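Next up, some structures in structure tokens.
Each of the next two complexes has chain A plus one more chain, namely chain B in the first and chain C in the second.
Moving on, here comes the complex of A and B:
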């Protein structure tokens, strides 16, 4: 039986560093970690609380890294593996220098849903996952919550819980089954009138702080230092705190990700104001599927549709 | 200054506004041809000349409509006639994407149109502008997000 530790041990000689997760300030909050020392392999963890998509670090890594022989090891759930694939497609990371440890994924936990589902309130000392249940141990005792009750929105609609790209794969969990209608949330909004949709976005985006966490968490937002949202020439968005300016910022993020977004949901997960910004990108992903039968981040050799054209198309 | 200028034109012309992004090489020429031939056109259009529809950032469409333009019209060379060979082939994918995205954020997609008009097609230009202007006149003013812009 492979464990995460045994897999990382087995690839250790080929890598300089392994990007993974370790326990954060409590067992409910794993954080990204870069393992460069063999003895730290023991600190690596993998469970449905390991939400952060580690591929967000890669483009920067590849921009700054000196050319070395050894590879960069990275743990990747299904959605993370799609982000990796998209980065490879766009030439932002070099496949040959990656060693991907794929993880079959049961879905990740929405921490707020979990907090709401708990009946106890004592500080948590341990969390375990088994048979579709989250088992939380605290000073008040042990409590079980079904994983399905606390699953993130992105995972409810996940089509690739089994990684699409990896060198080795760890089967610790059953991958989440593919949902019948991954675009149900998009369609629910579309069933409303145009006015209602506009009102929906104005109401949601009103809360936006323009903290840019959604952008910074996005593995495919790779020009953050030159972001249009902050550029002064041309000045696209003012620094005013109006919903019109917030709206425009989100249009920048959405349209720059159109045809590229892998629906990893990190933008939405990172948002401190719980704004469903992932929905905007899901719509563009759906359009890309309708127009070009294209699903981003599934084929490392494919060219993103908005980076190419088809001269033989007529009628538009 | 700018507001004053706007008020003056508002008094003399219809208050609905279409922003037209026209490629320098074909459609701008087409619009010019239409003018030279004295084809009558509704006065709604304000033209922004762009070097190629390949320069057309989809954000231009959204920003114009959010700021309250009543319509946005993009026009370039016919596919395969692009001065830069393929600019319009990239453009039509982006424009098709943004056109389908507009209703999701509550913007009426009928307020946006893209088309291809060559420099010699003065007649076709007249037709495009007339038809689109009729659509916009029927839809009436676009509130956009002006009232939310502080």
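Moving on, here comes the complex of A and C:
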């Protein structure tokens, strides 16, 4: 049977580096790691706490390390593989230089949901996953919570828990089934009155810090060092701590991701203030599907709609 | 301890309401959308207070707002003369008294870092000073340190009183309050009740067990000494910062980060000079007008953050510019751990690039 370690061992001679996850400062926070030494393969892990989408590192990697001749190995959950595919579609990374280890994904854990589901409060010393349950060990003992109850919003609506693009796949977990209505969250909001929606966003965005973690964690936000949120000439957004300026930044972010966003949900996961900024991008993804039957990051050969021009398209 | 006061859970909201008549009282509150991430907000009746988990934001905005108008200006153009006059006038800012109520001991110590930066030396920041002079800090003995907390490693502990005017100790029926400074003693006149013997005893126990609840053995002081030895070791900094996303989470949530930028925000002929938070992790932080950036990659930027907090600032001011609150690792989207990097400074092991 394949294990993460055996797969990485098997591709090791073809790659320069493997992007994966390892244990972080506590059992709840695995962190991205770049394995360049064979002995570090042992430190790689994959479980529903491995939330960060590693494809965020690739565009820069390809800009700065392009002279190397070996491939880059990367672990990719379903949604991560969509981001990889979108990067390939846009010519930002080179498919031939990637060795993708696809991971069938049961969903990743939302730490706040986990905190809410726990009945014990002692610091967590170990977490294990088996039979759809999260098994949490702390000084208070062991408790089990169904994984389904504590997964992130992105996972509740995920349509590609089985990776869309890979060279080799690891089937450690059952991929989540496709939900009935992946746009239910957007629709619930849209069904409200204009006033209610405005009030919703004002309340949510009021606490935005403009830390730009949502932008920097986004694998498709590739101009982040030259983002117009911070450009001085010309100046689009002021530095004021007002909701109007925050709103403008989020609108710009959303529009730059229109027809490109792969719904990986990293923007929302990265946000320390838990602002559901993913909803904005989900709306644009829904529009791209309705208008062009286009689903970003599912076909490496497809041309992103906003990178092409077709005079016959109506309804825009 | 003498001069203790007591406020029960039931009386707390009324106390805060009365205090709000004299000052802006910043409390950790739970919002419906983010029940597990309390934030500091000015108290309003009916608020859902939550002193239990560490607030996601620190209270730093009370003394150092994220965006602050320093002055307003207006341009005047004359049709007859080909000149543009810029009229300046100071913003007649009114600084209300503020009370930070129920922050952690680490947050209270964070303000001491600001005091060094803004109040010491030949230039005193008038805005910070005006706020600080009218500010009072009520910190609470920390109820539940988590895996990210490391106050013990920076010379403090979860029951520390340094930087606080009043310390509140959570007991079953409410809070026992001790005045620590003159201001704090004065403040306690607002609280009529005194704790019973049993409550005093309970408070003593809570204090003692909190004091030892974060490992104080692993001080970062010795590791930090190696910073300059590592300064030019580019491979070290590359290796340790490779996963950083260069966002502003760590610095914006940090109670000891005080870097700011100045911008003139104009709208037609009107404008204001704004001071707003900046972050050394942002790519353009030290970008020069020519386009040159002496800290071109995140390796140099992260090195600055470590150096500032654990080497340059302590050298100048005799304390770390870090209070060990752990927010920077707790909320980092990729779990960067500044403690681990400081610890690694002295390691001899070779790192590969």
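Heads up, the rule we're going with is that the second predicted complex is superposed on the first by the 310 of 316 C-alpha atoms of A that agree within 3 Å, B and C clash if a C-alpha of one lies under 4 Å from a C-alpha of the other, contacts with A are read in each partner's own complex, and residues count from 1 in each chain.
Please note the rule applied: contacts are C-beta pairs under 8 Å (C-beta built on N, C-alpha and C of every residue); 3 or more make two chains touch, one makes a residue touch a chain.
As the structure is a computational prediction, the values presented were derived from the model and not from experiment.
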Once both complexes are superposed via chain A, do chain B and chain C end up clashing or fitting?
fit
Classify the contacts of A:259 with the two partner chains as first (chain B alone), second (chain C alone), both, or neither.
first
Quick check on the superposed pair: does A:306 touch chain B, chain C, both, or neither? Answer first, second, both or neither.
first
Report for A:146: first if it touches chain B alone, second if chain C alone, otherwise both or neither.
neither
After the superposition on A, what does A:248 contact: first (chain B), second (chain C), both or neither?
first
With the two complexes superposed on chain A, say which partner A:287 touches: chain B (first), chain C (second), both, or neither.
first
Given the touch rule stated above, what does A:195 touch, chain B (first), chain C (second), both, or neither?
first
I'd like to know which partner A:240 touches here: chain B for first, chain C for second, both or neither.
both
Chain B, chain C and vertex chain A (Cα centres) - angle in steps of 10°:
90
Is A:216 touching anything from chain B or chain C once the two structures are fitted on A? First, second, both or neither.
second
Would you give the minimum C-alpha distance from chain B to chain C, in Å, for the three-chain superposition?
5
Enumerate the residues of chain A that count as touching chain B in its complex and touching chain C in the other.
240-242
Per the touch rule above, chain A residues touching chain B in the complex are 186, 189-190, 194-202, 228, 236, 240-245, 247-248, 251-252, 254-255, 258-259, 280, 283-284, 287-288, 290-292, 305-306, 309-311, 313-314, 316
Chain C partner contacts - residues on chain A that touch it in the complex
24-26, 28-34, 36-37, 52, 56-57, 112, 115-116, 121, 123-124, 203-204, 207, 209-213, 215-217, 224-225, 230, 232, 238-242, 266, 269-270, 272-274
Parts of chain C lying in touch with chain A, wherever the complex brings them together:
31, 33-37, 39, 53, 56-57, 65-67, 144, 146-148, 242-243, 245-249, 252-253, 261, 263, 265, 274, 276, 279, 282-284, 329, 331, 333-337, 339-340, 352
Touching chain A in the complex, chain B uses residues 58-59, 62-63, 66, 79-80, 86, 89-90, 92-94, 96-98, 100-101, 103-108, 145-146, 148-150
